[in-house]
Every structure is written in C-alpha cells, then in structure tokens.
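In order of appearance the chains are A, B, C and D, and numbering begins at 1 in each one.
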Amino acid sequence: MNVAVIGATGYTGLEVVRLLMQHPELNVTAVTSDSQAGAMLTEVYPHLQGLVHDPLQRADALELAAQADLAFLALPSGLSTALVPDLLAAGLKVIDLAGDHRLSQADYAEWYHKTPPTHEVLNQAIYGLPEFYAAEIAPARLIANPGCYPTATLLSLLPLVQHGLIDTESLIVDAKSGVSGAGKALSPGTHFAEINENFKAYKVGVHQHIPEIEGVLTKQHGAKVTLSFTTHLVPMTRGIMATSYAKLTQDLSTEEVLAIYKETYQNQPFVRIRANGSMPATKDVSASNFCDIGLRVDPRTSRVTVIGVIDNLIKGAAGQAIQNANLLCGLPQTTGLLHAPVYL
Amino acid sequence: MNVAVIGATGYTGLEVVRLLMQHPELNVTAVTSDSQAGAMLTEVYPHLQGLVHDPLQRADALELAAQADLAFLALPSGLSTALVPDLLAAGLKVIDLAGDHRLSQADYAEWYHKTPPTHEVLNQAIYGLPEFYAAEIAPARLIANPGCYPTATLLSLLPLVQHGLIDTESLIVDAKSGVSGAGKALSPGTHFAEINENFKAYKVGVHQHIPEIEGVLTKQHGAKVTLSFTTHLVPMTRGIMATSYAKLTQDLSTEEVLAIYKETYQNQPFVRIRANGSMPATKDVSASNFCDIGLRVDPRTSRVTVIGVIDNLIKGAAGQAIQNANLLCGLPQTTGLLHAPVYL
Amino acid sequence: MNVAVIGATGYTGLEVVRLLMQHPELNVTAVTSDSQAGAMLTEVYPHLQGLVHDPLQRADALELAAQADLAFLALPSGLSTALVPDLLAAGLKVIDLAGDHRLSQADYAEWYHKTPPTHEVLNQAIYGLPEFYAAEIAPARLIANPGCYPTATLLSLLPLVQHGLIDTESLIVDAKSGVSGAGKALSPGTHFAEINENFKAYKVGVHQHIPEIEGVLTKQHGAKVTLSFTTHLVPMTRGIMATSYAKLTQDLSTEEVLAIYKETYQNQPFVRIRANGSMPATKDVSASNFCDIGLRVDPRTSRVTVIGVIDNLIKGAAGQAIQNANLLCGLPQTTGLLHAPVYL
Amino acid sequence: MNVAVIGATGYTGLEVVRLLMQHPELNVTAVTSDSQAGAMLTEVYPHLQGLVHDPLQRADALELAAQADLAFLALPSGLSTALVPDLLAAGLKVIDLAGDHRLSQADYAEWYHKTPPTHEVLNQAIYGLPEFYAAEIAPARLIANPGCYPTATLLSLLPLVQHGLIDTESLIVDAKSGVSGAGKALSPGTHFAEINENFKAYKVGVHQHIPEIEGVLTKQHGAKVTLSFTTHLVPMTRGIMATSYAKLTQDLSTEEVLAIYKETYQNQPFVRIRANGSMPATKDVSASNFCDIGLRVDPRTSRVTVIGVIDNLIKGAAGQAIQNANLLCGLPQTTGLLHAPVYL
C-alpha cells in the first residue's frame, strides 16, 4: 500500500517516515513540506542520507491521491482542518496526527482558539485509540490520532472507569513530558540553556488535551468526567509519564486491580502491565510503541496511583498512527511496529 | 563562631562547607569523614583546591567540642542517632541534616526501619523550618533540619492548612527531585546510563518523608492529616518541585489565595510568591536558598494546584541548615545566604 | 542460524539481543549471565517484557554448542581469554566483543595488564572491521570485534593512510564518548551527579585502545605509526566522535580528499561521507550501524581535520558484531542492520 | 563605585548582574536593554524577584555617564563598535565583553564580517587577560575582555610559548563548549531536542576566536603563530575545555613542565595547576572564576597534552570582566569573585 507523509519535516512526520522504513507493507511514495518543497528530505535531515531519496513536495490533494491511498497528516493544529476535506474528496484515507478532529466543535474552539472542522468532516472522524476502538477504526476513512498525553492517560485510567472502580470526581492526573513534544518550532521554552537541568510546569489546568481526555472518559463512564490535569516539561527529549490518582469506590488490593488491568489488555500487544511492586520508567518504552503501566493501591488513603509511560513520539504519535494504518489496511496491528525499546 | 561539619564528603556536607566559605560569621574549624580521615578534603574534591586547607578528621565529640561551638551533622540516617548524644553532652549545639530527629519514635521505626533516638534526645529536638518555627529554633540546642521534600511541600501547603482553606482528605502531592538527592552512594538507580534521559517514579506511597510532612500538617491542622505522596526522579542534578492538589472548602479566586500566601510569607526573606499566571521552575531557585511558589485555582474542579520549588541541596538541606544556624547564633536569617539563583 | 549471547546483561550484550530481535536469519537460542543464571532476562530488564522469553543460563561451552552455532561474547576483558578456547573446541564460531583478541600478546599484557590469550588462539583471530577485512572475516572462526574508539578512528583515518596522503608522525586524535561506553559497572566516574553537566578527559595518552588503532594503521601504512590519542567523556549516553588531525603530504583541497573517501567507501553500506561544508554530529547515527564522516582541509595549516561519528554501542560494538556475523554466515552485511538513525 | 550593565538581559549581562550582587565595592546603578526598555529586569528573569529592583533603560551614553563611572558592555558583536565612542566620550570607562576590540581592523573584518572600530578607539583598547596584562589593564579606559575559548586556550598555552618549549607549528587545540556560549538567541542549533544527547563540531577551522588566540600567541612568541582550532558543542549548559597538543622542543618530564606552570601562575589567584596524574573536568570550575589546568607529557610522541577548563560565562566572560573592573578600580583582583565552584 502506498502512503504519503504530509508534514514530513516536523518531528512526528519524521518519526512516521523512520518507522515506515521498516514496515513491510506500507510504502512511502510522497513526502511533503510546504515550506521546503523542492529540497530533498536528506538536505533537511542529513542523518537520512542513503536511506530516503524523496524530494519534498507541496501538499496538493490531487497529486497525493495519484501517488498514495493513505495519508499521514503531521501538520500543526489548524492546518489539518483546512486540508482534510480535499484529501478525503480526492479519495485518500487520512490519519490526522493533529488535534483538529478529536473534539467537538465547541471544545475545539474553546481550547484550541481556532475554527473547528465542519460537522460533516467531524462525523467521519474516528478516535484512533486501537486498544478500545479497533472495530470502529478498521472501516473508517478519517482517523483522529490521539494526543500524546491522552494516550498515556486513557490507557492508564480506562480500565478503572470502565469497571466503575473509582470516584471520577477524585481524578487527578499529574503528567510529565520530554521536550520533543513541543515540536521543531523554536521558542524560549525549548531553548537548550533554559530547559536543560530545569523542570517546570506549563499550561497548568488549561492544556488543550484536557477536553480530549475528559471526552473519552465521559463516553466510557456514561456521565460527565472532569479532572485536574497538570503538564510538566522534563529535561529530556522523549517520553511521557502520566501519574494518576483516584479514590477507589471498593475495597480492592493492588493485586486485584492489577488483575483487572491484565484482563483488559490481555489481547492488546502494545500495553504491558507491570508486576506488583514494579513501576515503569519512560526509558522502558523509549523508541517503541509500548505503553507500560504499573499501579499501587495505598491502604492509607484508599487511593490508587497508576503510572503509565509511553514514548510521546511513537505510541503518542507516529507509532500509534501506523498502528491505526495497519487496522485500516486489514493488517495485524503489530505489523512493522514490534521494535524492542531502546533502553540505553 | 566556630563550627564543625560532620560528614563533609557527602553531598550535603560538601554544600555546607561551600556555603560557609561565604559566610561572614561562621568559621569552619573542623571537617570530618570517618572513612577518609587523614586525607585532605581537597584530595576528595579537587575543585576546592586553594580554598579549603583542612584535613579530614574522625568525628570525635570531645575533640570537636574543643574546636567548635556548633556542629552540622550531615551523615546518613542512623549514624546521627548514634552520635548526637555525645555531641550534646560535649556541649555542642547540633543541626542534624538527617531524618533521625524529625519523627516520633514509632514513625521513625516504621518508616526508616531503624532504631530511633531516645525520648530524652527527641524531646530536645526542634523542627527547623524557620518560616514557621523561628521562635522555637533560636534557643534550641538540637535542630532537626527538615527533609528536602517536606520543605518544598510544607511551604507550599501550610498557608492553606493554617487558614483551614482546604479539605485535608483531598490532599495529593506529586513530587519530583533531581538525582543529587540520592547522595554520593553508588547504585544502579543513579548510574548515569540508566537515569539519563529517563523519568521514573520510586518509593510510590512509601517514601520516608511522608510521616514528616503529615506530622507537621497534622500539628498545624489540629487533626490527623493523611496524604497521597509520590516521588519521581528527574534526569537533572539539582532541584525539587512539589505539585500539590487540594479541594478548596471555600469559593476563592487565584488572586485571593495568592494574597493569603503573600501575607503569610511577607516577612520571610526566602519564600517568594509568584504573580498570578506565573509558575516557578526549578532553575529559578538553583544554587540558592529560595523557595518559589506559584498557584492556580481551577474553577472547573474547585481545586487549587500549588507548585513549590527549591534547590534540594540548599533550601532542602545545607542552606536551610545555615539559616537555622543563623537563628541559633542570633544573626539575621539571611546572613551569608542571600545568593541570587544561578539560573543558567 | 542459532546464536548464543554470552554476557547478555551487560550493555553490549543487551544491544546484541535487541538488534537480533529484528534479524531475519539469526535466532537467539541462549542468553547467559553467570551472576544471574536462573533468572529471566526480563527480570533484569523489564523493558523486554513480552519480547524475550529466555532464562539466563551459565556460559557452559558444551551446552552452548548444543544450542547454537555462533556465539557473541560480550564479557569484560579477561573473561573472553578464559572462555574462547572451550567455545572453539566445542565447535562454535565466536565473535568476541572484548579487547582480548585484538592485540599481540605483548601489547595486551602492557595495555590491559592481564594475561593474554595463547598464540594458538590469537593466530585464528581476525580483526572484524568489515570495511577493510571482509574477505578474511568470512571464512574465520574467531572474530576480534573492534573497539568503539578504534572503529571511529580507523574508518576516519584509513583512507588517508592507505593513500599515503598524510605525515603519520603528525597524527593526533581527540576522541569523545558517551557514558554507556563505560558499561554497567558502578563507579564514581559514572555516577549521575558527578558526570551530568560535566565534560572530562580520562586515561589521557594511556587508553587501551591506542595499540589497537596503532596496530591497524601500522599494518596499512607499512611502517610504525604512533599517535597522540586523548579520550573524553561527554554527558550523554550514546555516541562517539573522533576528531582527527594530520598534516597532508600533498596539496589537496577538501573536495579532492572527500573524493578519495567517497571512492574508498563507495561499496560500504554503513559508511557515509558528508558533503563539503557539512560535519556529522553523534545524533546523526544514534541507534544505527552507520559511521558518518566529514572533513575539511585547512589551507592555513595544511592539515586535514576529519570528524567521524558512530553509535558506540552499535557500530562500535553490537551492530558491528552482527555485521561480522552476517559475513560469517554468508549473508549480506546489511541483513537486519539497516535501521535509520533515531535522530531525536 | 557605580557601574552600568549594558545588555543586561543577555546571558553574559545577566551573569555580570548576578556576580555584582555579591561584590562589596561595585554598585549596579543602571541596567539596559534596548529591546525591553521600560520593563523591570525581574519581568524578564523572575528568578531575580526580590533581588533586583531596576527598570531596564535604553543605552544612552550621556544618561549612563550621569549614573555610573564604569560600563560593562555585554552586547552582540557589532553593537559595541557603535556604542563605545560615545561611552568613552561621555567619560565612562568601558569593559567590552564582545569581540569588537580584540582584533586588528583587518582581522575583525575578515573573521567577523563586520565593520571594525576606528584606529583611534582600537589604540585605547587593552586586552583584558589579567594573568598576563594586569599592568596595562589597571590604567586603561577601554578593556577588550577576552573571549571564552581564548581565555581557556591562552592560559593553557602561554607558559609553553613564553618559555619557548614547543614547536608552535605543531599546535593543535581541540575545544569543547557548553551551549550557553551560544547565548540567548534562538536557533535550530540550540533547540533542546536537537542538541540534547548530541555532540557536534561547528565552525571547524573558521571560528572567529582563532585570530584572537593567534594574535596573543604571536605577540608572546615574537613570530607568527598559526594553529589548528576546532570547536565542539557539548550537551550541557556551562563549561569549556580546551585540549591542546604541541611538540616539545626539549626533553622534559610531566613534572618539569608542571613546575613551569606552577611558577608562571604562582601569584595568580584564579589559575590552579593540577598535580601530576590529575586532570580537571569542567565541573571543577563551574560557576566560579577559576581556570584549572592539568597536563601530561607523552614520552611515546614527545608531545605535551594540556587540558584547561573554565566556566565560559564566568572566567570566560562575566567573571573576568569583573576581575578587570577590580584592576581598573585599584581593588584586589579577587574582590567579590572568590566563590567556590558549584561542583554538583
């Protein structure tokens, strides 16, 4: 199957390209960058010398439709909204890695401060969290690929919410991300000398991923879920950890809760549950598509603390997009994706 | 005034020595290391060449009492318990940077898994958090210098607890520390290749600083406070951030809560409250004795999120010890301590 | 083909295991660790959960010969010497990643301060730098896999030496390595708080890789080559850069020297030569088997500066070992190895 | 004495401000930033809250002359040239931290690609390396504060050159710097995700500090010195190491060369010579004004390898500027500058 990567010079686009090099069924036939069209991708990224031979082209829907059947859309929020209708009209299936198609129009307008996609387009969009929505994803034409924080948070919390084990009013998520999540755009907040050896909170309580998380939790819970969500920047490149806290509504041991997680994810190849007493670190999933989850019930407070980690660029973006592409193409989810984490 | 630094080759002892070099009133007359007695401190730490000329000696209470009036005790937990009675008997005032004298006997035995100090010694120990206990500290002979996590957490939460503004049942603290907090002892968990570019949780819900925090909060609250407390390791050397969450019991705005913090700390030279909309990062206090605090009331959840940062080795250890020494000596708290943070 | 990984819990052994997971022809049938025999590899490295199912066994030559045809030997120097005769006698082909079989007996004794292998064994050992010795490697039974610094240095310098373009008396190599090169053993020099945000030189002029480099250069030059070689530690996990300096014996431009490099390596899939004006960084080859080389002739000094980078754990160890295994097995060198660098 | 800091929001300006807070004799009465005039310095740098109370003003020479006697000029190259004549005319003494007044007109034009200062101004400029030019500095009105690389390199090499111990034709300097040397301006080369865990060379053989180093060496040697000089970027914030190589012209031992260094620097409070067998690391001088030097004579090659380290922002910029200011004001060089390195 031929695929196009739109926005191939951004960090998530770059990871899509890299991962697809090892994919046995998906073949990259077009890479785009409006700002650097005409250059070779290897001019922008010399580390790809000898591996990629494609010139960067403009993202023209009709041209892309002549070259590919599926498009990975790795553009900043807002640009997806503008491009998706043309891509769909041209007959391409689309996996959108931006946030544009994950929210209701009202939420998107409120949290992204931008004009949302039309109802017509949004109605076609399926939220691409394969562990919970594989059946809906497979026949879809437009996938809203989940955000990095939502992926780590939802995989950490959905088993509890689905089974009604927690007081959803008590939910607090303290999330930490490596700096690559901020992308390639220069800013004082990603300037080496300011972020190195520094740990900081940002967008406290107002991060645009909040409504995405709440939306999915609400859908599974059956009633409105509102959570406290704080994002922090870790002086490292890759990795997200979501540390989640919730009051249990039943008297359960750590072992009992772990059993529920293991059962929930028993057929999900990319979610790994830690043994009792062991907690995952971000390096445990680095450069892989895994989400590792550990948890502990604290008898002193009757709270469960759940720790979920992903690589923000892989399971939090490019890897999950390919996992969705595999579903769209009728391939096993793991096709071309089962790399061991690069621990060191 | 002549002072001794016991355990001068550990990280906190080293910082006490460094800070005292710039202190106009406290004069280091003895540095000890039982394991390296006889060597010069500069043999262990060549970066002190030309600045320190003291040989390392064994920690003998009588000898130290002949050399100094006050001892900074920077030994691992357990060793303090053994040494403090002799130091006090020899007439020295003692500031203990270990955790031995901060807890009740029962709590110490439970959380540190070691034999606690005697009641007689514990009864003399004053908890050395100057922002709240300066009056008790000044005349004391034995100071239990607070732990790094407790300092950041208590300065973040005490204004809320004192004013009865939060539901203490709802308290959750998500804390993050640089690696220097683990000290100089080698372990796989502080091996560069394992911790670099990695973010991990450790001692989830069982960290020995929990009873210290709960003890002080309980004392101020007047009823037992139990909190969820999770510690994480950040791939950086210095700095602690405590991100605290609590339900407000009253309808207060961010501005109103900030006003209470500003009032609480108006005469405290080392606590700085951020303006509304601004949150501190760990680098903002690096290599300084400051604790910077920012906060936000989330109208969606009626929770307040408080973010407090300190340098774990300074306000979280050596700097606070000197602040306590200043009080013991009748000096202004800021004497020799008002260094600007090293932001870069 | 079935292979054993001896010393699978060290960093290079771990990388061999990881890379072989993606190898289509080499099948890991045994992993050993004398110190942790009986445990599962995933107990030591939880990030491999679900991917590896082998128990760690003791390194018994006869047992291994029953399980595999080829052994990767990833043990500390000295242990290889002891084990290799038994492995060869049991019929296994051996790729030794340690330094034991790279030097003459005299050099090994002088620089490693250990007892060297016997002449009988050394005579069978082929130096496994495939770019120059592929023909000798293919039929061999014992491969001395090159060291990390020698790989970067030799690939940087051999084109100049082979063509007689430099005054070998003038050779200076200033080398820098990430910390993973020091392995898994704990030491103050790899303790996070001491190495983080620090840059230091070590083993100045006495590094054990010096005779290995000089030996190969001498062989190619036809006369004794002696060089100044300084090693530095960079506060990062992966990567080596060798910055080499030499006086040109002819008046050549940067373009002309680049042309010689491109010709030398035109059929070598893992060596990439940069365009004039571009220099490689260590991230350009991270987690890949590539060696990237850039250079510049300085008309002011008539010297050429050559900059070569590799991933010390891949092309400098595990990747090159697999490249050698491919040759031993009659496979294309690139089999299972042509991963794109993980740039971010 | 009242001083002005021109360009107080750049990294070196910020360090001048920080260091002057602890200076007993120099009083900051004006801080300037043309781009942020009107704002408080603490708005740009909240870590200075409570410590600095100055508003940022425009750099007007006459106004500054009414406020101060001495100006630290911490502007990008080119801007100093424009401003210095007015500052001198207004009666201010000037310490210029930029490169504008360190070179001949021809060299400045060639290496900085900018219009140089006039002869009239250049003739007044004294090169501010106090260890060698204190006598000329004291009565001067305009100090060209040395660059960071030149400081580390010159202090490493001048004892050898002054005593005629090396073949200056053989000089090679391999230099490495932390990222703060690149300043506050955003660029892809200082974007966290690109520089973190990366080591790279830049400006190979064409760095603008080359003529500055060669100029001073030539002056001391009495004949033209040309060297190979390569600059690298280390993924850390602070610190420079210069690793220098030269052929000895005499048969000298490491001890003998060390003795010459110790004699050369015996009265220089900020240069520390390591014992035989010990090499300095960049952390050994972090946040201090020290330059630490270690060296080794290699009997195999008759070369000496000299390793010099400084904090690029202190001895390589702001600290040295204050050392020069002390000389200009008739104060001991160490006034307000003798801080111990922050090793951790």
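Going forward, a residue touches a chain if its C-beta (ideal position, glycine included) is under 8 Å from a C-beta of that chain, and two chains touch if they have at least 3 such contacts.
All values reported here derive from a predicted model rather than from experimental measurement.
Centroid distances built from C-alpha atoms place B farthest away from chain C.
The chain pair B-C and the chain pair A-B differ in C-beta contact count, and the higher one is A-B.
Taking each chain's centre as the average of its CA atoms, chain A and chain B sit 39 Å apart.
Separating the CA-averaged centres of chain B and chain C is a span of 46 Å. Within chain A, contacts with two or more other chains are made by residues 11, 180, 193, 196-197, 235-238, 280, 283, 344.
Under the stated contact rule, the graph of chain-to-chain touches is complete, every pair of chains being in contact. Residue ranges on chain D touching chain A, taken from their complex, read 11, 179-180, 182, 184, 186-188, 190-193, 195-197, 235-237. Those residues of chain B whose C-beta lies close enough to touch chain A in the complex are 170, 172, 174, 176, 178, 193-194, 196-202, 204-205, 226-228, 230, 232, 234-239, 241, 243, 245, 279-283, 286, 294, 296, 298, 300-301, 303, 305, 307, 344.
Of all residues in chain D, those touching chain B in their complex are 11, 14-15, 18, 21-22, 45-51, 180, 196-197, 237-238, 269, 272, 274, 278, 280, 283-285, 287, 292, 313, 338-344.
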